[in-house]
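Please read through the structure below; I'll follow up with questions.
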């Protein structure tokens, strides 16, 4: 198909979609309406189980099975990246050269690295209380680690980041989620049911039954997944060279 | 003002999605196309959150307010969106890995040149 | 009148999404996408979704730009290697 | 509607609008500076919104942005070091102006909060934000000159 024909096809399809979508919007309940039956029920269920952050309660309690699916997508995406970006036979590794980074930038990276790691852990740990959770905190902690690449050089990062262990950590976190789910089957409840642990005192770290456990498992999984992903991309961009390379 | 605001968020979501689709179809560089796909995703986030919003309400997080003291917005759509954001990023990573692979195999990241290669 | 901030955030999102699409160079697009991520986080905050805002900030401010820039670097380096090989 | 909401609306509309304009047009050196300033402007906006909505827990967003925003700029500074070395950005004026705006916002919020743990958190965010953006600006104007490959 020529570019021109493709553009016309796109315009026709886009115009059709735009018209139908606008017509649908006019019939939708107005923005900011007061009727949210699912939301009201989710909030009630969350408060009944002493989880202060109802969004975490929806993710890790009421729709924990759905989150299992999301986690599987994450796992599969990482697996795909690892396979796609592996070193092939016609490529070789060139050792990364040391980099001279301006001193203030280097110092900043070394100071902020621990602060960002602790913030990531804080966001994971308070997932069932204040905004945050495993998904967000895991990304923050994993990004923090890469300040070593930005502030120093790639060799510094490679020293503190044995990729193999993070791959194992990823798999362990995924299985921890499954095991916590299977534990729900004890006591004749359902898979991933939040019945095995006491709900605890409202608005404390140990409240919410299995929510903090699943939250921590997701935090570990996301952090390991992001580290493994970025490791593959960094390897490709910095170390691995094709045959034509020097 | 309020009549406009009743539908504006939905229309913005639709616009963001469509403009992302336009970029995807006309892109001359696969990395740019992946960026456009993440713009499309942003449209879905806006739509989901707009559906769950409630006037004069606050976030359904009770770490610093008393339950029942203020109306809250819908937590279900927020839970859907927040997992989507992180999973979307890893899917972006997978697509970028494919782009790297394509550039290795075919020495180009222009989708038009790629289809010429095949034909 | 509290709706004004929602309207502002929505218009910023629409504008930055449009700019991100019409910026054809992947490096410059990555810069616009980083700004789009921040603007989206602001929109999510005014829509009272701080959890989603955090998610967007964590992903959009550093992770996505890093992935995009590393891919650009890899693709460009291959181009240079090929150029030298010939 | 209160003063905090008004300040946040005006700041976000003006600040992010300008940053978007800067990142959409002009040479690369202007775009990277605009990207850096967009995080430096959005963070005070998020803190103001937290105060406007009366929700101290929203401050976490400001914390994460103050930490990761400069990291994002460092990514660009590092991976675009070659391009930026040819045409280095000179933007200390806007950088310090935005840093001053951030400091003023944090101080105003601290006064409104009063001495407490929340105030300590605000001060930490302010320090991270201003330090981070000044360092990111430094990194853009030649902080990675010694980086050739890797």
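Which chain is which? They are A, B, C and D, in the order written, and residues in each are numbered from 1.
We adopt the following convention: contacts are C-beta pairs under 8 Å (C-beta built on N, C-alpha and C of every residue); 3 or more make two chains touch, one makes a residue touch a chain.
Everything quoted here is computed from the prediction, not taken from an experiment.
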Request  = Would you mind telling me which chain pair, A-C or C-D, is linked by more contacting C-beta pairs?
outcome  = C-D
Note = The distance between the C-alpha centres of subunit C and subunit D, rounded to whole Å, is 16
Message = For subunit A versus subunit D, what separation do you get between their C-alpha means, in angstrom?
response = 24
Ask   = CA centre of subunit B versus CA centre of subunit C: separation in Å?
value = 11
Overlap residues in subunit D, where contacts from two or more other chains coincide = 53, 55, 57-58, 60-61, 64, 68, 71, 75
Task = Return the residues of subunit A touching two or more other chains; collapse runs of consecutive numbers into ranges.
result = 53, 55, 123, 130-133, 135-136, 139-140, 143, 146, 226, 229, 233, 236, 242
Remark   = Check: subunit C positions touching at least 2 other chains come out as 2, 30, 48, 50-51, 53-55, 57-59, 62-63, 66-67, 70-74, 78, 82
Query = Classify the inter-chain contact topology: is it line, ring, star, complete, or other?
reply = complete
Query = Which residues of subunit A touch subunit B in the complex?
reply = 3, 6-7, 10, 14, 17-18, 21-22, 25-26, 28, 30-34, 36, 38-39, 42-43, 46-47, 52-55, 57-59, 63, 66-67, 70, 73-74, 77-78, 80-81, 84-85, 126, 129-131, 133, 135-136, 138-139, 202-203, 222, 225-226, 229, 232-233, 236, 242
Ask   = Which residues of subunit D touch subunit C in their complex?
value = 1, 5, 8-9, 12-13, 16-17, 19-20, 23-24, 28, 31-32, 34-35, 38-39, 42, 45-46, 49, 53, 55, 57-58, 60-61, 64-65, 68-69, 71-72, 75-76, 79-80, 83
Remark   = The answer for subunit C against subunit B in the complex is residues 2-3, 6-7, 10-11, 13-14, 17-18, 20-22, 24-26, 29-30, 33, 36, 40, 43-44, 47-52, 54-56, 58-59, 63-64, 67-68, 71-72, 74-75, 78-79, 82
Ask   = subunit D touches which residues of subunit B in the complex?
value = 58-59, 61, 63-65
Complex contacts: residues of subunit A adjacent to subunit D = 96-102, 104-105, 108-109, 112, 115-116, 119, 123, 130-132, 136, 140, 143-144, 146-147, 149-151, 153-154, 238-239
